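Here subunit A shows up in two complexes: once beside subunit B, once beside subunit C.
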Partner chain A sequence: MAFTSSLEIIRNVAKITLTGRLDASTATQFRDLVDQAAAQKVKAVALLLKDLEYMASAGLRVIVFARQKMGVAVKLYVVAPQDIVRETIEVSGFSQAVVLLPAYDAAVIEGK
Partner chain B sequence: MDARIDFYPTHEIAGYQVRAGRPLPFGATLVPGGVNFSIFSNHATSCSLVLFEKGARTPLAELPFPLEFCIGDMFCMIVFGLDYETIEYGYRMNGPWDPARGLRFDETKILSDPYARMLGGRAIWGVEPDWTDPYQHRARLAFDDFDWQGDIPPQIPLADLLVYELHVRSFTKDKSAQVKHPGTYAGLVEKIPYLKDLGVNCVELMPIYEFDEFENSRVDSATGERLMNYWGYSTVGFFAPKAGYAATGQFGMHMDELKTLIKELHRAGIEVMLDVVFNHTAEGNENGPYISFRGIDNQTYYILTPEGYYYNFSGCGNTLNCNNPVVRAFVLDCLRYWAAEFHIDGFRFDLASILGRDANGAPLANPPLLESLAFDPILSKCKLVAEAWDAGGLYQVGSFPAYGRWAEWNGKYRDDMRQFLKGDLGYAGAAATRIQGSPDLYQWNGRGPTASINFITCHDGFTLYDLVAYNGKHNEANGENNNDGGNDNHSWNCGWEGASTDPAVNTLRRQQMKNAVSFLLLSFGVPMILAGDEIARTQYGNNNNYCHDTALSWIDWTGLTQNADMYRFFKNLIAFRQAHPVLRPKSFQDGLVSFHGTRAWWADFSDTSRVVAVMFDGSQARGGLVADNTLYAAFNMYWETLPFQLPAAPAGTLWHVVANTGMETPNDIFTPGQEPPLDDQSGILVGARSSLILIAK
Partner chain C sequence: MNPPEGAPPAKSIVLPGALESLGPLADFVHAAARETGLDQKAAYRLHLAVDEVATNVITHAYAEKGVQGSIHLHAQVDPDALRIHLEDTGEPYDPTVQSDPEDINLPLEERGVGGLGIFLAKRNVDGFHYERRGDRNRVTFVVKRPPGQA
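Showing the complex of A and B:
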C-alpha cells in the first residue's frame, strides 16, 4: 500500500493519520505534518497508525523529533499500531516517550 | 544555522554539492544540510568517498577528495543533500603496495570508516552474508537523538561492585529464557528483574562491538554444526554496536535498543561494563581480508616486523599498534564515545598488556595509552579493568601500569583458589593472601584490594559446574581435535568424569561449588561471577566454547528450578556480602583480618595444610568509620571433618551460623535474622570439604 498522511486539528489535538509504509523516502511528509502541528501549539498529538504497515527508523526518528520539538507538556499518543510497529517502538525504547493506545480514546486524548 | 556561509557548497563532485570539510571530529558527522566526512591516512596518495544506496553492491557515486580538501594527513569533505537514512559510505584509498615497508594499499578495496557508528552487512544474526559483495561491512550514518530521560550512571564505588559476566545472545537465546526477543538487547531487558533478584550490580557484556559471526566459520563434518565466531573477540567496527544482537537491527534501530537496555539497567541500579578488544582486529594477518585499517594505513595501525609482516601478540593474526599517537587517539576517541553516547560505566580490556607495547612490540614502562586512559576527563568515572596479559608472553598481573586507576583480572586468584578448592597441598597460604585482596600483588605499589577483580570462572575455561565435574577439557565439538583451550584448569571431577548418577558425587559437587562462591564473596577485592554459575550451568567439559551458537553456549533457565539450592545460596551470600562493608575495604588499611586454623589464632600455612580460617573485625570496617558485625569463616578443604577452635566473639555477641556448605539446603545458608546461634561458642566441627561462615551478633 502506498504511503499516505493527513493532519486534522480539532480542539487543540492534532490527529495525524499514517497509512502504508513509512520509510526514509516518505518520512519527510510525516515530519512536515509534525511541524505544522507544532506551529499550531496543540496540547496533544495522536498518531493514528491502524493502517500503517511498516515504520522504518526514519519514521521513528520523526517521533523522537516530535517529542523533542514539542516538549513534555504536549502529550504524544500512538494509537492502534500494528504489531510490528508497536514492537519496534517498544523494543527501541520509544514507548517511554509516547503513550500507546489500542484505539482512539477521546476521553484520554481530548480530556472529554 | 542553515544561513551560515560555511555550510554552503563550493564545489560539485560526481553530481554532489560539496565543500572542504573539517578534520575534526574524525568520522562522519551530521552538519546542517550535509555530512562532514573526515578520515586519516599518513601514506595514502589519494582517497575517494564511495557512496552507496543501502545494501547496493554498486556504488551510487565516488567522490575523490580534491587536494584543497586535504589538511595534513586528513581527507575531509562536507557532502550536502544526502539522505541520512538510506546512504552507506566507504573509502577507496590509493597508495604504495610495498609490503616490506608495511604498505598494503589496494584501490580495488572499499574500506569501512574506523569511526563508523553503525555498520550494515550483518544486521540480522546468523543470516549468511553475500560473500560476493565487494563491501561487506558497510558504514552508515547515525543519529544522536536518543532520549535518556535524565539517566545518571549509578557510579558504584569499585569496592562495592559485584560483576556478572554475560554474553548477550547466550543469556536469553534458549527458549527456556521465555523472553519475547531471544538473544537480543531487548531480551536482556526482560531479565533485569532476575539480575536484581540475584543481587549483582554490574553486568560485564562480552564483546558487543560489531563483529562478524561468520569470520572463520566452518561446518563440523562430524556433527553438521556451523561453527562460528560466536564470542566476538574480533572487532570489525569499534564504534558500532553489534546490530545482530538487536531485535531491531534489521530496522537500523539497534543503537536505540542498546541504549534502552543501558538506561533500564541503570534504572535498576546496575552498571554496564563492556569487554573491549583493542589488541587486534578482524583483519588477521597478511592473508586476511581488507576491512578497514589494512587499506587505510597498515603501517600506522599495526605492529609490524622489520620485514613488514604482522606481529601476533594477540594470537589472532595481528596486533594493533596501540601506542602510535594516531592509534592512541583512536582508542581514546572510541572509549570517550561509548562513555558519553552510551553511558557506559566501565571497560574490561581484552589482552590489555598489548596496550602497553611500543611500535616494535616491546613493553613500555610508562605506556602513553594507558596513562591517557587513566587521566582522561571523560572517562574519569569509568572503571578500567585490564586482562593483564597477552598471547606474546607478557604477564602483568600485579604489575600492570595502573596510574591509580586500573584494576586487573586477577588470574592468580583464580589459579590459587581453584587449587585450594580441590585440596592441593601448599595452597593454604596462597588462599589466605588472595582472601586478603592479594596484598602481595597490590600493596607494594600503593594499590588497594579493589585493584583485584577476583574470579574463579569466566568465559575462558570451565564453568563452575564443569570445574567440579571434569578433570580434563572436552573440546571435541570445536573441531580442533581437542587441541584448543587451556590445559591448566586445576579442576577436579569429584570422582567421576562428567554427569553422574551417584548421589555422593553430586552432593560433593554442589558442596564444592558453594565453597568456591564462599571464597569469592568473602574475599577482599571485586568479585566477578560468570553468568549461569549460580544455576550450575554446564558446557559438558568444553573449556573454550567460543564457536557454538547452540545450547552448549545458551543458558538453560530450567537450571533455576533444577538447581534452586545453588541459586538460593548464591543470592543469599551476595546479599550477605553487600550487607557487610567489612568484606569490602577500599584499601588495605581499611579492613582488619586475622587468620586462624583448627586452633584459634594459629594459622597453619604449611605445605601440609588444607585449612584456612579467617576473622573479619567488624569494628574496623572501612577503617572503623562504619559499624559492622565481626565475621568468621572456616574453609576446610581436607577430605575429613575437622574440629575448629573458635576465636571469642566480640564482647556481648555470640557466634551465629550464616552458612555451612556441608549441610543440605535449606540449612546451607540462612537469611538475616534466621541465623541459629552456636551451642558451643568455643568450637565447631567443620565437615569435609566444607565452608562455615559465622556472624557475631
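Showing the complex of A and C:
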C-alpha cells in the first residue's frame, strides 16, 4: 500500500496520521509534518498508526528528530500501532520516550 | 507492469541505487516469501532486514559518495530456508561486524540516529552473512522455512 501522511492540529495537539509503508523513500514526508507541527508550538504530538503497515528505521529517526526538535516538554504519543510496528519501536528502545496507547484517548492526550 | 496472476515471482531483479527502489524491493521480497510459505510476520521481518541494508547502501555507498550503482537481489529457495542475496558495487563494507548502537537505552533527546538500521536487520532474520565477491559486496539474509513447507 502506498504511503500517505496527514497533519491536523486541534487544541495544540498535532495529530499525524500515517498509512501504508514508511521507509527511507517516504520518511521525508513524515519529517515535513513534524517540522510543521513544531512551528505551531504544539504541546503534544499523536502519531495515529492504525493503518501503518510497515515502518523501517527511517521512521524511527523521524521520531528522534521530533523529540530533539520539540524538546522533552512536548509529549509524543504513538496510537494504535500494529503489533509488529510496536515491536520495532520497543526493541529499538523507544518505548520509554513515547507513550504507547491502544486507541486515541482525548483525556490523556488533550488533558480533558 | 505486474506479472500475470499465477506466474512464479522473479528470482532475480536489478534495481537502480535510489530510494525509489525500496517499493519494488518490498514487492520482490514479499513475493519470494509467499512462494516459500513464510507467514506474514516472517515476511515482514525479512523485508525490514533487506530494506535496511539496501537503504544503507543507497544512502552511504552511493548517494553520499556521488556514485551511481545498482542493487542486485536474488531469491534462493532451498529446502531448509529462503535466502535473499543483496549485492552492491560500493566500496567494501561488511555490515555484519557493525556493533549495535551503544545509546539504545539513552533518552531520545540524547541519542544518535546511526546504526539502528543494521541493528534491526540483524535481529529480524535467522542468518545474516557478508562476503566480498569481485567488485561487489554480497549480504545474504536467511529465513528458515516452517516445517512441512519444503
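Here is the rule we use: the second predicted complex is superposed on the first by the 112 of 112 C-alpha atoms of A that agree within 3 Å, B and C clash if a C-alpha of one lies under 4 Å from a C-alpha of the other, contacts with A are read in each partner's own complex, and residues count from 1 in each chain.
By our rule, a contact is a pair of C-beta atoms (placed from the backbone, for glycine too) under 8 Å apart; a residue touches a chain by one contact, two chains touch by 3 or more.
Source: prediction; values computed, not measured.
Putting subunit B and subunit C onto subunit A via the overlay, clash or fit?
Pair status: clash.
Mind working out whether A:Ala24 is in touch with subunit B, subunit C, both or neither, as first, second, both or neither?
In the superposed model, A:Ala24 contacts both subunit B and subunit C.
Quick one: classify A:Gly71 as touching subunit B (first), subunit C (second), both or neither.
second
Is A:Ser92 touching anything from subunit B or subunit C once the two structures are fitted on A? First, second, both or neither.
Both partners.
So in the superposed three-chain picture, is A:Ala39 touching just subunit B, just subunit C, both, or none of them (first/second/both/neither)?
A:Ala39 sits against neither subunit B nor subunit C.
Going by the contact rule set out at the top, does A:Ile63 touch subunit B (first), subunit C (second), both, or neither?
second
Out of 146-154, 272-280 or 632-640, where does subunit B run into subunit C after the fit?
Comparing the options 146-154, 272-280 or 632-640, the clashing one for subunit B against subunit C is 146-154.
Need the overlap of the two footprints on subunit A, from subunit B and from subunit C, as residue ranges.
23-25, 56-58, 60-61, 64-65, 67-68, 88, 91-94, 96-97
Would you mind writing out the residues of subunit C in touch with subunit A in their complex?
19-20, 22-23, 26, 41, 44-45, 47-48, 51-52, 55, 58-59, 104-109, 111, 113, 116-117, 119-120, 123
Contact residues on subunit B for subunit A in the complex?
Residue positions touching the partner: 83, 85-86, 143, 145-147, 149, 180-181, 184, 186, 246-248, 251-253, 256-257, 259-260, 263.
Show me the residue ranges of subunit A that touch subunit B in the complex, using the header's touch definition.
Against subunit B, the touching part of subunit A is residues 23-25, 27, 56-58, 60-61, 64-65, 67-68, 87-88, 91-94, 96-97.
Please name which positions on subunit A make contact with subunit C in the complex.
21, 23-25, 54, 56-58, 60-61, 63-65, 67-68, 71-72, 84, 88, 91-94, 96-97
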